[in-house]
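Sending over a structure as structure tokens; questions will come in a sec.
The letters A, B, C and D name the chains in turn, as written, and every chain counts its residues from 1.
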């Protein structure tokens, strides 16, 4: 039996397979298909200080080997999460991570502070990289000073495991990663979606109500893998890798590149059982290659 | 309602006209409860341009044969590929999804089911269920022309059928909202079809204070309420068509 | 008959379909498959001051709906191009554009100067965005001051149509586009490849000899379209759009987003006749929608 | 040599063992000149993971029947999909690509054609051509075991066949470079197979000063010299395997 446990800062996960924020609801949506208790963790939907209606429909466009979304952080706000959703989550035996989103510094701080007080939530993922809201989180994620500031301020009020989710829409993601590490992030997760656009040639209109949206799915995997590799060689905190992971082989690639855990997003839409299949596949890979622990392949890429 | 993921076997693929076909699918296990208005998400293998699942209403359910029908219009690569699928092949489905049409309180209800184009799909199942429950539904079906009228024989099995065609080749000429059957009084209207048609039906229903339910077709990624892509504006804010719908009472919609 | 001619600065192209540098050799490679004289233009392989052997094999990895390449500007140098290749190109009736690449400012200047003297070459595409060579062009393309400087210096010695090819590996491509416009670029072309990576999970090695490489193909189309849209709304010079174009519908999307011409790259590998099929398809689209000129759809996207 | 793009019809798809199959393809027009060692690029439709064309040697040409054979080993999604293709279906090919094995100067040449695994593919065509030109080739074929020996009957039609298997189940036990036929003197060796095998053959040829040509299998994007992805280091710098090769004289290679 291989050891699949993995550590993200002070947080010990039973295994390194996490479902990505915005693609797995609150986990409950998937209980008919899989035993979500077997997941390493679940990153819940982006949560903001106040209720948000999100963007207008249409919010989705299919693209080659991927999709664009422009959900725009629709959620009922952090208080609703704490009072009405979280109590139900306590029934599950997996780790829930709250994806904290915002459009202003104070929003992040206040939301993080509220989640800090929630017993059963041991970590937040600070989403400074959502491309889908005006004056949205992405502005923080693409500027090293802004990224540093939000992490610094959140760190003051948030005392559990702080994961910062990075934007791929930058010239040099290493600089942003380093900046948030310096301010006390316990881990970074990447990548969030890439800013993209879809056009309906016959209607001559954008497909999304917001014109641009966030690209995810297998199409982004090569970019995500490169960024995980770059960041893992830059920071000393754990890196959580994601972007297009659809099967165990993809996941292994991210571990080899240096990811301590991985997240699965868009692939859940095509196969709601994919996360546990990936978990099983990782275990099979480790056994086939005679490893005893997932840690043995993390960053193990051979460079000649 | 519990959702499932599983492989179905194609038992028949029947071409209805140039752009429509009917898939009959059978399941290896007893069917779970499936209600009229619910839909499935079909995984399309081996079509590079079909990345996400494709969403289709459940056209008819035969519990004894463990069979469902899916009525499909060819519009793009995904539906094109499905049109070429052969009996014996497997299709992976997530089912049954979404809410359902509400069933009438009284067996005496006079019900009108208005469908346009491939939007007739869920109405056959709804009509068959109503018939089972002792209410004979009235189907009002609109199409461009005679060729666009599909499954009419099936509808005749379950209720009264009224037809409009835009070119007048069959039934009354014009749009569904112009059909003379509307001069009767109805307790409830159910509708599915192109959005302009459903909006016209909703206006008609509002005018005559008839309760009206429509089935929406928003673009979906997950189909199970996880991605929040499929929303429609309602009196209660954005709601997911895949979980709060696809059936909405038109009073709820911000149209 | 619709008018397909399009103007890039002082350069009039017979139609807006150009084959992309590095994917179409010198055009000669395709003469068995299509009449290359019917193309709007051909961007020849990246040309440097000196002969370059390029990177070690493997240079290619297939990815979901795309590919990574790490060719590394293999070419025999500008003098060889002028003396041994270009004389043959004179036999063709299409426009040849030389893609000028380099790894130092002086290389760009000297190469551009030499091409300036070549009669039958009316334009260069200054490649400040190649991700595949160490200290390579991309360093210029991701920094607005460096980009401005190279364009400024090349502009001094190059007096014909100067197209600057932009890198998508930046936080804000609009800033770079504006900077090169300010220094006298006649047009910008985008996007070059996105920096990506592929890993062989079984071998636990990178697939490419250079570890990272440039991503192209349909997978990048949403990103390319977004950048073309952003740049077209920022600069007043023509924008040449590319990235994943595989059919006429894709091409029309780029025109609607604001591209004055389009380039076709990776798609040539899958179908060597694709460029003329796209040309035919554009014509069909325009006729079907009752346009008389390609110019009518350039930037015609309807925003509500 | 002029290259073509066109649709071929699958006339036969013959399974040879668990992982190898033979496709016979026919063309509607008279075949252009095709030489031994040349290859084709096949477009794989409807396999989302097969984005680029797939490259295969030409295994055999029958000009009269306007037919070519492609011998394929299943290694990934693309070859897997091809293995399921059915007679009557079309495949789009770019052909004929690359250079060719050089033919001997003299009809008295004693030639050895060494193939391993699916690398035997181009050697059948080469052998058949040599035979046509009056030179009886010697085929030395290596495989892991009896099951890995494919097309042996075809090779027997065109020359003398020598076999090694690693488990000794057929022919001599061991690697091709250990076979006793190598004690004879040869004027030229042609080889295609796994790189370690070809390198061993090249070392052998060098040791005994025998002219040696090998066929390389680098990863290709375009197949026609446009992308410069498929290079191999040679005495003259990087050369494209798709245009300067796939056949190289081992003297030219930097191995």
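Simple rule for what comes next: a residue touches a chain if its C-beta (ideal position, glycine included) is under 8 Å from a C-beta of that chain, and two chains touch if they have at least 3 such contacts.
Here the structure is a predicted model, which is why all the values come from computation and not from measurement.
Chemist: Tell me, which chains sit next to both chain A and chain D?
Modeler: Joint contacts, listed by label: B, C.
Chemist: So what's the Cα centroid distance for chain A and chain C, whole Å?
Modeler: 34
Chemist: Between chain C and chain D, tell me the centre distance in angstrom, where each centre is the average of that chain's C-alpha atoms.
Modeler: Taking the mean C-alpha position of each chain, the two centres sit 36 Å apart.
Chemist: Would you kindly tell me how far, in whole Å, the mean C-alpha position of chain D lies from that of chain B?
Modeler: Roughly 55 Å, centre to centre.
Chemist: At which residue positions does chain C touch at least two other chains?
Modeler: Residue numbers touching two or more other chains: 61, 63-66, 217.
Chemist: By residue number and range, which residues of chain B touch two or more other chains?
Modeler: Where chain B meets two or more other chains at a single residue, that happens at 48, 51.
Chemist: Looking at which chains touch, is this a line, ring, star, complete or other?
Modeler: Shape = ring; chains linked end to end, path closes on itself.
Chemist: Provide the full list of chain pairs in touch.
Modeler: A-B, A-C, B-D, C-D
Chemist: Which bits of chain A are touching chain C when the two form their complex?
Modeler: It is residues 61, 63-66, 68, 142, 169-172, 194-199, 201, 203-206, 211-212, 215, 217-223, 225-226, 229, 244, 249, 252-253, 256-257, 285, 297, 300-304 of chain A that touch chain C.
Chemist: In the complex formed with chain C, which residues of chain D make contact?
Modeler: Per the stated touch rule, the residues are 2-5, 43, 48-53, 94, 218-233, 237-238.
Chemist: Which stretch or stretches of chain D touch chain B in the complex?
Modeler: 46-48, 51, 81
Chemist: Under the touch definition given earlier, write down the residues of chain A that touch chain B in their complex.
Modeler: Those in contact with chain B are residues 22-25, 29-30, 32-33, 45, 53-54, 56-67, 69, 71, 74, 217, 266, 268-273.
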